[in-house]
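Chain nomenclature is as follows: A, B, C, D, E and F, assigned in order of appearance, with residue numbering initiated at 1 for each chain independently.
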């Protein structure tokens, strides 16, 4: 399946922190950039996310704010 | 001002495309990653965005989807 | 690729309307529900979206508001 | 009050899971589609959400990603 | 209908600008705050939005970034 | 740094509630408006948010829904 989301950054999971409902996932995409993703705990478990996993961080272009 | 947004990716504007209401901005953050940001035309003009500008792409962590 | 987005609704494209920067896409998911998706024109062209296409509408659970 | 949000899917709450800050709500909208909504615990309590409630899932069209 | 969205700011429409797909709406909520909302042109027309209308700006709490 | 986010509401923090992964922050922006922001606990700690802090609530215009 091809996605409309313009931003698809490949990286590796470096940390998974589970709460009761949400999970905080760290993804190293390239030196020096790390992406923080907050998803449901349910999704983190469903994907079986763990340190070292190769993943893709998807971000819709309307969600990006620009600072200058 | 320090921001709560976890993801702050530095890059350079490589393209600015203005519509009537929205604008599509391309930001090269690091080989081989380019970020597409859609902001209001009003914001693009207000920031005076143009090719070559050093900018920061801000993304709240709740907006990131993970693919594996 | 498996996605963290909890909501993945299958449907058929019933209309594609292109603006200068954005595109408005109608997707019939099931009687009587139609999903409206606004994506970049660039994405609509990149996916080659047209009436009759079988597609999936992906929505992150943090984007849903509940009315009661 | 009439809302600008294009997507208003009617359904029934099938599960409510409360965390410390957030809540995960399942809404069955139509066979075979279930919507997952993550809202604040405060909102879930304020609406008094419980299994069996008739609710509406509201999604702004800019939040929808298309997969094909 | 009562909504889960925590932020519901009442105000008056001060400007409506229509593009091909999107619309930029200005809402004065209280001195000195003006809210800019970008919605689909379709929604703006469907609500019949025009200068002077009393409206409510709804914002889900997960969409707010804090600067300090 | 100047931001593309159209909505920047100044206010004062009136409550901070931390969960395992997320935090619920109340910001009084002007009588009678209070903004609720849900950010990561990590961000709340990183900004050292506490009652009485002067902060800014940033909201991208595409995230605003209009009710009329």
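Everything that follows uses one rule, which is that a residue touches a chain if its C-beta (ideal position, glycine included) is under 8 Å from a C-beta of that chain, and two chains touch if they have at least 3 such contacts.
Only a predicted model underlies this, so the values are computations on that prediction, with no experimental measurement involved.
Taking the definition of touch as given, a chain qualifies here only if it contacts chain C and chain D alike; those chains are A, E.
Among the other chains, B has the CA centre that is most remote from the centre of chain D. The most distant chain from chain A is E, comparing centres defined as mean Cα coordinates. Taking the mean of the C-alpha atoms as each chain's centre, chain D and chain F sit 22 Å apart.
One simple way to say how far apart two chains are is to compare their mean CA positions; for chain B and chain D this gives 29 Å. Centroids of chain B and chain F (each the mean of its C-alpha atoms) stand 21 Å apart.
With centres defined as mean CA coordinates, chain F is found 17 Å away from chain E.
Residue positions 1-6, 19-22, 24, 36-40, 42-43, 47, 56, 58, 60-63, 65-68 of chain F each touch two or more of the other chains.
All chain pairs that count as touching, in label order, are A-B, A-C, A-D, A-F, B-C, B-E, B-F, C-D, C-E, D-E, D-F, E-F. The touching residues of chain C, when paired with chain D in their complex, are 5-9, 24-25, 27, 29-31, 33, 35-39, 43, 47-49, 53-68. Per the touch definition, chain E reaches chain C in the complex via residues 1-5, 19-22, 40, 42, 58, 60, 62. Of all residues in chain F, only 17-24, 36, 38, 62-63, 65-68 touch chain D in the complex they form.
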